[in-house]
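Below you'll find the structures, each written out as structure tokens.
Both complexes shown next keep chain A, but they swap its partner, so chain B is in the first and chain C is in the second.
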Partner chain A sequence: MPDIAPTAAPRQPLASRRYTLEIRQQMAWHWQALILALALLVGLGISTAILVAAGVPAGELLNEFVLLTLFDLQSLKAVLFQAAPIIMVGLAGCIAFRARFWNLGLEGQMIWGGIAATAISLFEVGPEALRLPLMGLAAALAGLAWALAPVLLKLNLRVNEIISTLMLNYIAANFLLHLVYGAWKDPRDAFPYSPQYRPFERIPEFFDGYSLAIPLALLAALLAWWFVSLCRAGLYLRFVDANLRVATANGVPVRQVIITSVLLSGSLAGLAGWLVAAGQESRLTQAFYQGYGFSGILIAFLARNNPLAATIVALLVATLFVAGRNLQVFYQIPFSMVQLIQALIVICVASSDFFIRHRIRRTLGRDA
Partner chain B sequence: MELITSWLGNVPDFAVPYALAALGLILTERAGVLALGAEGLLLAGALASIGMQLALGVTGLSLLAGMAAAALVSVLFAVMVIILRINQVIAGLTLVFFCQGLTSLLGTLLEWTNQPIQGLPALALWPLSELPLIGRLFNQNLMVYLTAPIFFAVVWYLQRSTSGLRLRAVGENPQAADAAGIPVIAYRFAAVMAGAALVGLAGAYIAVLSTKMWIADMSGGRGWIAVALVIFARWSPWKALVGALLFGCIEALIPQLAAAGIRLPQYFVLMTPYAVTLGVMIWVALSGRGQNDQPGALGEPYVREERR
Partner chain C sequence: MPNALQLEGVSKSFDGYKALSDASFTVKWGEVHALLGENGAGKSSLMNIAAGLYAPESGHLLIDDNPVRLKGPADAARERIGMVHQHFKLVKPFSVAENILLGLPKRAGSHRARLLETERLVAEKAAEIGFAIDPRQTVATLSIAEQQRVEILKVLLAGARILILDEPTAVLTDQEGERLLSTVRKLARQGAAVVLVTHRMSDVKRFADRVTVMRGGRTITTLDPAGIDIAELVKLTVGESPSLPEHTRNEAGPVRLQVRGLRSPERGGRRILSGVDMDLRAGEIYAIAGVGGNGQSELANVLMGLPEPCEGEVQVDGLGDLLSASPAQRRELRIAAIPADRYGLALAGNLSIADNFAIGQVHNGRYGGFWRLREGVVRADTRAAVERFDVQGARSPGQKAALLSGGNAQKLVIAREFSREPNIVLAHSPSRGLDVRAGAAVHQRLLAARDAGAAVLLISEDLDEVLALADRIGVMSGGRIVAEFERPADRQAIGKAMVDHA
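This part shows the complex of A and B:
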């Protein structure tokens, strides 16, 4: 204000140094990679600190996690074995999230996949040679069916899919308990699980200790990648993800695209249930699905809904699962540690995004 | 007759956590922050209160510990969504998973699992407690009675006080609120923490006064049901209270049926709260209400491009 005479002492600026936030348009990929790597390091660092506080000797951690899990053939087999269903749920997450549909019902869809596969085994549907593929087909269809209601409710009635899919998880989990404690309980045993599958109903090895589930999951990853990046539906899907309104205005069959991808997501989750039931447990157990739904969501988030990236992230999560089981056996660390570590890593990676998208600039004085 | 009396008597025990959690969520969401983390905050409140109860045995302090723990954890969430502007759905989900992992880890490592504790004795509100049929409704622990003033206070704050008006303005239109000189970030931070404290109190109630022990994942989806309650109550505290009572009635009925010797498939009965939630959501959607009363800026981070 020029015409007011200055007072005796010159006024101090309100603050001499300020920080301003700017939206960054673009960032070189190597800086992005560096920030991401730093975020992962911070996440792993915090996790390590928690593990040490929980009583794992610090010196053993490297041994336990890195050397024994990745550089030992037996463990590598275990990791790959564990990875197959995790890849499936990760892909399921990617495809649903691409359609802007929060499919938190991965666990429910997995449960129904397991139930349907077990039903085929229990009621001896089809000839022996076709039994295993039939179980897989039934699992995929069951998962698809369990995903149908939430997507229709969302599209027709705008019912929040986060709540509806979660509620359906609890319903499916209780139904599973009803079966394994009731009609489907193995009469030969006191434990709540179904009778063991016959040998031809289990997923075989395809090569010296490597389960056939691994190539199946990789095949699914390739198909998912084809779906989201090469085929027409995938192009539409990108349109829907980018801007729903513009997509609608341009005549993209939004409804069909969303329904297709959610159903695909549900059937992938159903297949994951089949992979766990027929590949790992060889029966329907009461908690076979636990932890997978959460991992699927996190994998999709960390992989930015890219199926190929999701496969890699899923391998890392599988390593974490195997290491978590080892920690449980040797140090009595509860398996929930695995969940905590995953959450910590997601928090760190998500936070790092802020530094990729914003620039913090220090400005001097008030008129900088 | 006996069945109805004892059923009604148990309703508050189940309804209070829903009411407190929904109230906390409304407080947060009215400021425009989508609060999906309730399930995790319930667990944080529950574990902290059990720990305090096992350590000191003073129930009041345990409840406060539950509130403090949930508020503390919610700072993490507030930083993620308000300052770092992470997608609020992802941040809320991560908060739930974080709390599930952390509480079940701590509960096991500290050996707090399955340790029974003393709750609060029931206080009879004479002469109301002598009424036929509904007498047992007035024979509850102190916290049930305290829920009423807490509810009134929060509703008064939201609807009658200047600060509450500002909070709602921040949730409806943060740009306008900012232009009017309301500190948007501070209001949202406070709303997240205060809401979380109420959800934590609900968790502490479940652990210390209702279940009376810590079991991993003991909230069992109640946090999600509370989120759904807020949606069908259309962000109105009184409607949320009605919803909480409805769910309280349903949950209180489950043990009564078993006690009365009515044989129903157990796991189907356990499904009912979830199925009812789904049913009510569909019913509200069919009746064409619901979305309109949502706070205008719910789920949107506030970005003032040039901060001076």
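This part shows the complex of A and C:
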């Protein structure tokens, strides 16, 4: 065959391409929801493939994941039990991120929530009937206080909140260890945890084994939603989120808006600490907070900082936790697989943004 | 002359909006070809396609009469097409040479050696076309006109022979613009093909060899600007001739805003504001004229409530000191602010039109108390304002504000700011970047506000605008008001005051 390869790439007419990309400014919310759902499906599909490769029989997977987790009453209770604090940290993430404040200190604020709740229990503050709500209040205030320094530092001295909140986590975690290994250690055994809360200091069950924590978390979600969308602060918050200079020039009280939402975020994280301590562990343990900070950020991201969406995502994350634990028990799949799946889903959803921002059109070029 | 670049039957839409329909355009080697049209006529979209930034849905692109397909700006650069955008694309902390090196194709040799080589090339090219530029200077320290020269050097040194300039004179003073366009014309005479995207009739008339008029995404006609007068060009671009607003001098009322000794902190031996004194009276338009960069932006920011460190007095009738007023107090005064930077200061592009409208009056409780936002009232008000102020392209209150074209975004700002009868209007370059008709609409609103008794401050670098609207004119130079003129003012005298004190 004679050598007829052209030296340069042939010049093609402009319109021969069949598909074009367009930047899309706006997309109806139901399409966005559909794309997100598809992204979730893709993420779950890849996760399934990995689990099957790791030795879980494909047929059993459906059984484990969907049927056993969601349609088994016991597992459903476990999911809801798990979900309440996850919802809280998710909300905490949403509200801070809406004010463009990257609160990576959710765990630190949770820890202080747990510590404050435990202090109320240890020192028997208040009458028995008010003990539990007092613990909650103390937890919220402690979380708020732990968020106060970073926001003031940021607004007054421009200290980067990513660093300050993250570092404050270590201070909180080591102080927690100091307490549970030292002064607050349960004298009855050798483990590093505080004495058990008394029965009236635990979050009660309200209906045949469902923890009251769930309706509390849902209530918090509704309040957070109202805060960001239905009240005046929500409009202010949208402007702070969209463009700080525009907000300032239009008379938005920027400082107050940022402080309010960060403190709200801190107290929600503190409440999450209370929900774990008083609702699940019934005492202060050394690692009760672990993983929540990351989950909170992830949930806020997946939910686009929308509190209602965050609630749903938090339920999914809780399902994943419980299913992961089942897999661990029955198939010796390491728990880190759960984190792998979380990460996969986040990557899929993040990539789906492309389809929300762009439109792919089929065009019939003239000479195509 | 042979054809350099040809676009045939190009169509492009954004999110369902047809920006270009069947547009055709040809520029020949050796000519300056103006692309004239109102805002939103599709000039920039068409040229972005020529520069490989957008992919069209249909149509052909031909270079030297060969069909070409551009996959991106790199392809365009390979075809020796270079575009200078309206908003410069420079890395500010880098030096001139570093910025230019960034745009050159990768080649062997150490970075240091290539940088030195680039510095030499820049100096050579700059001298050749008569630009005064130090290749080692940091871009951030350059003026707008100098940054533009860097952009032009960048595309020239990258080998561009087809030069596209998007609204190059919009940011320049008259003299700077004239110099730039003469240089560009010289480049064309040496054989390059130059496309001049503009909406200034005078530029077209004086510097273009041919002009193509665009309207509503279509190319209407191509003709020789020498054979047509400006009124006819205007008619072609807008479809009809706009009339200048009538101006009658009003009896000015009491002083509403009094500025005394306003100074900004000293930096590098000079102050941007060096003692501004002025009075703004009810029922008058006081215009501040001057060459750009003499403190107008800083003055506008201070008065519009942006944190700008400064000393001095700004007294407002009925309140006292404006500088220490809280946002709420400022709202109470009913100050309408129309900043120059629409999407940087006035509107949040990512938020809805309704949100952007509501922020103007949410403070006074019209849209519910603190605990509630009455979405229904917001939407109804927004719809009414959109209707009343003729904001086009607003299909629903929930639509993103960024989807509005420049002129309509400005109308939305005015709709919001004028929704409560303003006491004081602060307008900074309110018709910059707007087409003739939208600009005239803005001027009408300012005059109407004045006639309703408001005190209007107009800060503008456009002397035509100032002369058409102002009752009194203050010339700003070196950070202060150096001369004041009463209407009718002498254009020459104002121009002299603008440059004499610089």
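The definition used in the following text is that the second predicted complex is superposed on the first by the 327 of 368 C-alpha atoms of A that agree within 3 Å, B and C clash if a C-alpha of one lies under 4 Å from a C-alpha of the other, contacts with A are read in each partner's own complex, and residues count from 1 in each chain.
In the analysis below, contacts are C-beta pairs under 8 Å (C-beta built on N, C-alpha and C of every residue); 3 or more make two chains touch, one makes a residue touch a chain.
Here the structure is a predicted model, which is why all the values come from computation and not from measurement.
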Chain B versus chain C as contact partner of A:Ala287, first or second or both or neither: neither
Partner chain in contact with A:Ala49 - chain B first, chain C second, else both or neither: neither
First (chain B), second (chain C), both or neither touched by A:Cys231: second
Partner chain(s) touched by A:Leu38 [first = chain B, second = chain C, both, neither]: neither
Partner chain(s) touched by A:Val252 [first = chain B, second = chain C, both, neither]: second
Touching partner for A:Leu21 - first (chain B), second (chain C), both, neither: both
Footprint overlap on chain A, where chain B in one structure and chain C in the other make contact: 20-21, 23
Complex interface listing, chain B residues touching chain A: 36, 76, 80, 83-87, 89-91, 93-94, 97-98, 100-102, 104-105, 108-109, 216, 220-221, 224, 227-228, 231, 265-268, 270-271, 274-275, 277-278, 281-282, 285-286, 290-291, 305-308
Residue numbers on chain A that touch chain B, as the complex places them: 18, 20-21, 23, 50, 54-55, 102, 104, 153, 157-160, 162-164, 166-168, 170-171, 174-175, 177-178, 181-182, 294, 297-298, 301, 333-334, 336-344, 346-347, 350-351, 353-354
For the chain A and chain C complex, residues of the former touching the latter: 11-17, 20-26, 229-235, 238-239, 242-243, 245-253, 359, 361, 363-366
Footprint of chain A on chain C - complex, ascending: 9, 13-15, 55-61, 66-70, 304-307, 326-328, 330-331, 337, 339, 343-351, 355, 358-360, 362-363, 367-373, 399-400, 402-403
